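Same chain, two partners: chain A is paired with chain B first, then with chain C.
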Partner chain A sequence: MKDWRVKDWRYWLAEQRGTLLAFGIFIVMFVIYTSNHPAGFTANVVQTASNKGVLLAFVAMAQTLVVITAGIDLSVGMIFTLTNCLASWLVIGTGIETAFGVIAVLGTGLLCGAINGAIVIYGRLQPIVTTIATGAVYFGIALLLRPFPGGSVNEDLADALTGRLFGVVPASLVVLLAVVLVVWVPFSRSVLGRAAYAAGSSEMAAYMSGVPIRRGKFAAYALAGLLAAIGGLFLTFFTYTGDAAYASGNAYTLFSIAAVVLGGVSLFGGKGSAIGAIFGALAFRTIGDLLFVFDFDPLWQPLFQGVILLIAVSLGAFALFRVRNRLEWFL
Partner chain B sequence: MDGMVPLFRMEGISKRYGGVRALEKAELSVSSGSIHAILGENGAGKSTLIKVMAGVVAPDEGRMTLDGREVTFASPGAANKAGIVCIFQELSLVPELSVADNIVISDPPKRFGMIDRKAQRRIAEEALARAGAADIHPLALVKDLPLSRRQMVEIAKALARKPRILILDEATSALTATDVAKIFSVLKRLRSEGLALLYISHRMNEIAELADYCTVFRNGRNVASYKAGTKSDNEVVELMIGREYSHIFPPKPARNAGAAVPVLEARKLSWTDRLDNVSLTVGAGEVVGLGGLDGQGQRELLLAFFGVLRGLSGQILIDGKPVSITSPSVARDDRIGMALIPEDRKTEGLMLPMTVRENLSFAALDRLSKAGIIDRAAEQRLIDDMVGLLAIKTAGLDIPVGALSGGNQQKVVIAKWLMRQPRIILLNDPTRGIDVGTKQELYQLMRKLADAGAAILFYSTDYDELIGCCDRVLVLYDGAVKRELVGAGITERALISSALNIHGEESPVGLGASV
Partner chain C sequence: MSETTIGGIANRMPKFIRRADPAVLTAFACIVLLLFLGSLYSRSFLSPEYLLQQLKVASFLGVIATGMMLVILLGQIDLSVPWSVAVGAMMACAAAAYGPLGVALAIPFGIFCGVLIGIVNGIGVAYLRIPSMIITLATNAVAQGLMVVYTGGFSPQDSATVAMRYVATGFTIPGVPNAVVIWALIGAAMVFVLTRTSFGRSVYGIGNRERAAYLSGIDTRRVVMIAFAVSGGLSAFGGVLLAGYASKAAQSMGDAYLLPSIAAVVLGGTSILGGRGSYLGTVAGVILITLLQSILSVMQMPEAGRQIIYGVVIVAMLLLYGRAPASR
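This part shows the complex of A and B:
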């Protein structure tokens, strides 16, 4: 099928459009940012930006998995907070103790996600209600763990993972890449991942085709918990403390949705990739940095982020103009 | 079929939905290397039969055997594993996934635990080629393909599962003539390869060309099986006739010939490939039925009148004057005065968790309010009138409408629109799933409204109702009006033969409305 080579390209491009657009937006913004930064494009600037960006990137990846199934996870920010508090107790001591702590933290995230998934799928409750409730529970536990900010973390590990490799490459970016390769790529190419996409696009068609919808959705929710926990772990590495901060947890949840939308993931489900969401997250983070280098009052930041999000969401509405049966607007 | 060991047998299969029996001790035998056509009018039990075979619904009683061994299917997946693959009328493709993804969706090729995309591509290309649709790119997203191409993908997907029994339920209804020709050669090849094919279609010419055996269903039972070509079209129609007449209809008034300007008139309405040059008139005091097999454009026609469809061509006239109906709120406006009783009352007709009172006044709120404030007293008066007129049985006006029985819910939908005193009433299969008593009340009401001067356009999948209620019936086929039946000419035989588009009988085809 030689004559299809060119067309293959076009289909690939169409599929990656959202991701490439987010990538483009991020690159443009980041270039403007570094070229206006007093220090310029240095390893230090990149490291700082990367460390701030990956936190949201992990949470946005988590959100992507659930959004692909046409759900939404409003507890990701709270899982992020809970695992941060837990890590500030457990990820400390000797190498073995630290390793055990990391496993416990990640396991907790996986469990939180699995609980969400079990309630949504087997209890047939709406994702939005379920995750508001479980999110409150997760935050409650976080608050009991850390009534006041504090605790500590294995600083050798923290410094290694937030520092630079070979003096240039930010270690946090390398970890992000590793997580993409170990979690996202296998998921998106597995039968479960495809089941998650299929369920998000048309659950009925997927069911009629004998697709394992339930297992696919469950895997998506559980892995979302795991990814949020990786984010929580990194937060601990950056701050050296645990802090059950309600506002911060909520902000991460909302920003994760923003990042997902910017990254070309459809909130109607079935479409998009975590890679896009990562660039969405990095771009969203860069907005704040841009305001900083252009000497805007930080008070402007939420307004700018809101406007950019609104524009991104509006782009998705164009398909409605093609609908010829108006009843389809409401489907 | 004597002497052959059937590949698959169904014996004594029964299935009830609530009080409605869809299948009653149905029997069917299917043999390898043959194409078996299933015939029957709307509601004869064809769809339920297929759903039982394909593991979508479980039968209440009866047994199925495959290769002589008894089988039961808990899910469509289980039926697929056993080699029974169904191509459903409602497409089972996932729109956001690519053609290749969809073709292998039930059992993707795996390598190291992940989906092997190269193998997937190969399987998809092979299956598309087998289905005679090699022009479809495997990486294209299904949602970007037109309906006829999707149907080809659906067939390719079924073939990729290597079925032993392939069921095609109205598989050609969305296809173009060239596609149909391709599919036919594919199906004939599959038959020669030893597959058993079950073919459900209302196109008699297709059945004549393809089928080896035919089985006719009526009222949930198989009434006849015969070798294809041994019965004439008229004999087949004869077999399909024989519904039990159980409803009592109000008497029809003598037809007032030469009525004035029609209240509602359509001239050459066309919309995508669903409506094709439909012209019709409905006069004051007239009940005009829309007949034909399910899904021939009847719903779209009603939606077109009600301002729901975009890109509609042709003209709609009210009282002889052309109007442009751009939305339901224009349609219900007093100048037009149209009401549509929708087909799915649960999604298009009612807000189930809201109260009976709220649901009743929704469509008439503009008439009951001044400066945006609802006149509670006027609302109450009108609601009392309606509850009385329709005899709605409810424990109170302030309970959720979802708590009412199906029949009473439907009465609420109708009452809601009658509160506006519409002059034109469109009904979209309004008696589906409601009890006989309520049905009879609705027939009486329809006639009463017509006598009071309303113009009524009534779509029903139940031929019995069309015969009993309508002054005229327009039979649709493929989005076009194929025949007009008037008065005593509305018979079950005429309805069925024109619904199947069998020509050369009784009166000639009358396009559109008579003067």
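This part shows the complex of A and C:
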């Protein structure tokens, strides 16, 4: 009996290795960051860092859901931008109007994700091409909504969600935790979530065993849209405006992939968790901001982030050392 | 089922139509349709000057799509196109600032920088076995970072050399823009490589099944590496041409070429999974995309509407003939 428990524990450790590694990287980076920050480890520094990190964390969670099914969503950044622009129109006014606005924005995100899913799964197109094309459409709509940066948002709600609870805990982290508990945990434990994992691990085997892979993948794409929309909503709360910026949308897509890789989610599908991607996102943001505390020219930031991404994706190559037969190269 | 019905009709058609890919035929049919719709909108749409101008604009995309096609035939993808284009343009213009030698070497130097990006992609994909979509995104980000540091975040002040402008906008053969001639030359070389050399056959082989290609003695890693290097070089060359056309380089000049280059290749009937496709299809795809862009801009469609129509058309056309087989 005791022996079984030890094995169970080691199995759990092996499964969570990527997440734990991401957590470790994040802690180390954050300690370096705060200890060199001129203001030190204060509630203000943590609040700013968590607000920035949470934006990317939502988009990275969205990307994780799709990557688990062995797909990729290159439109997450554009859904993020689109919902940001939409929120700058709708999330305003009295309490009820604001509530309807939030629901409409989240519903739009869900719809965008569902469209991606429908085209990829039922239309049987490749995820890369599909999401690049739908990303163009979403960006176009965002540009229609906000040809110029502007708009406004319910500032009470915005301040409440980007401020601090009890003067210490950043509210955005609490929202992130709530979203994990409401969206990710139920999904990953449901039949659909398992189907998404199974489809990513081996679509053929899952299909043969009667796993509802289509519904699982569809749910993953749709929820990805929803999570990206939560991110877009938060961007609006954070900036008080809507801005259809092509470069920023693209950057979020790119960073979400970096965060997913750092978070130990396998790009070949079937392995990893959104929790890992969250820590990956927080770690990536902290690494990017390290330049500021060490007083580098901000011009170097894109290069620095690109190099981190390049190193992160190259780490996967270490698996090659474990290859026993050269034919395993071609999986 | 559809195989037999198509076969039944096709047997009664002339040989050259029977051998043609239905996707390529569809693409050409769409070109004719677009030309027809355009001519309804404006009389000048069918004038030789306008069509030649379209062909000239298409040739920039054509050069870039040629490299993209080579990579897609392998079953990979090159998402580093935007900043490969920009690097090619910026580095060629930058070289021009270094005296007569720099001016002479501007074009080769631009292409060389693109090849370097391609080689990094190739090492990542072929030797480190990183998914191409990921490593090319990463090199794109690094290339962007390098250019931001180099230019200080602004569009560079150096302008294109006379040679670059001549290559992009001049006329060596009267009536035919040089850019079109260059696209024709690159296209002819590509057709030769794909159909008449062992390298080309290896590309198709790897695209179909890399494992089988490896077991039949092809050095698959070298072929993949070369293909990515060529793709990077051609993207950069596209950038050099664009810089010559606009007479200077700009920060985001390559962004507008990623989706069109993939779309042109895929709309031309090349399988995104690799191993299948002809260069004729890519030519059709490039012309189709350029005409679509041109019609939208003639109709004075704002950028937002253009992006939407563009994405919808690509998805719609792919749904028509680019679908993967159902799992069973």
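In this section, the second predicted complex is superposed on the first by the 324 of 331 C-alpha atoms of A that agree within 3 Å, B and C clash if a C-alpha of one lies under 4 Å from a C-alpha of the other, contacts with A are read in each partner's own complex, and residues count from 1 in each chain.
Everything below uses one rule, namely that a contact is a pair of C-beta atoms (placed from the backbone, for glycine too) under 8 Å apart; a residue touches a chain by one contact, two chains touch by 3 or more.
For clarity, every value in this text was computed on a predicted model and none was experimentally measured.
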**Study point:** Partners on chain A (chain B, chain C) - clash or fit
**Key:** clash
Review point. For A:125, is the partner it touches chain B (first), chain C (second), both, or none of the two (neither)?
Key: second
Practice item. Using the touch definition from the top, say if A:300 reaches chain B (first), chain C (second), both or neither. Key: second
Review point. Can A:137 be said to touch chain B (first), chain C (second), both, or neither?
Key: second
Practice item. Identify the partner contact of A:327: answer first if only chain B is touched, second if only chain C is, both if each is, neither if none is. Key: both
**Study point:** Larger contact residue set on chain A - chain B or chain C
**Key:** C
Point to revise | Which of chain B and chain C A:205 touches, first, second, both or neither | key: first
Review point. Which holds for A:94: it touches chain B only (first), chain C only (second), both, or neither?
Key: neither
Review point. Is A:310 contacted by the first partner chain B, the second partner chain C, both or neither?
Key: second
Review point. Both chain B and chain C touch chain A; at which residues?
Key: 204, 207, 326-327
Review point. Touching chain A in the complex: which residues of chain B?
Key: 56, 75-77, 80, 88, 91-98, 101-102, 105-106, 108, 110, 113-115, 117, 125, 137, 139-141, 157, 271-272, 300, 303, 307-311, 327, 348
Check your understanding: Inside the complex, what are the residues of chain C that reach chain A?
Key -> 77, 124, 128-131, 133-135, 137-146, 148-149, 152-153, 210-211, 214-215, 252, 255, 258-259, 262-263, 266, 272-273, 302-312, 314-315, 318-319, 322-327
Practice item. Provide the residue numbers of chain A that touch chain B in the complex, in ascending order. Key: 1, 4, 7-8, 11-12, 14-15, 186, 189-191, 194, 197-198, 200-202, 204-211, 266, 269-271, 323-327
Study note, to complete from the structure: Residue positions on chain A within touch of chain C in the complex are 72, 119, 123-126, 128-130, 132-137, 139-144, 147, 203-204, 207, 246-247, 250, 254, 257-258, 261, 267-268, 299-307, 309-310, 313-314, 316-317, 319-320, 326-327, 329-330
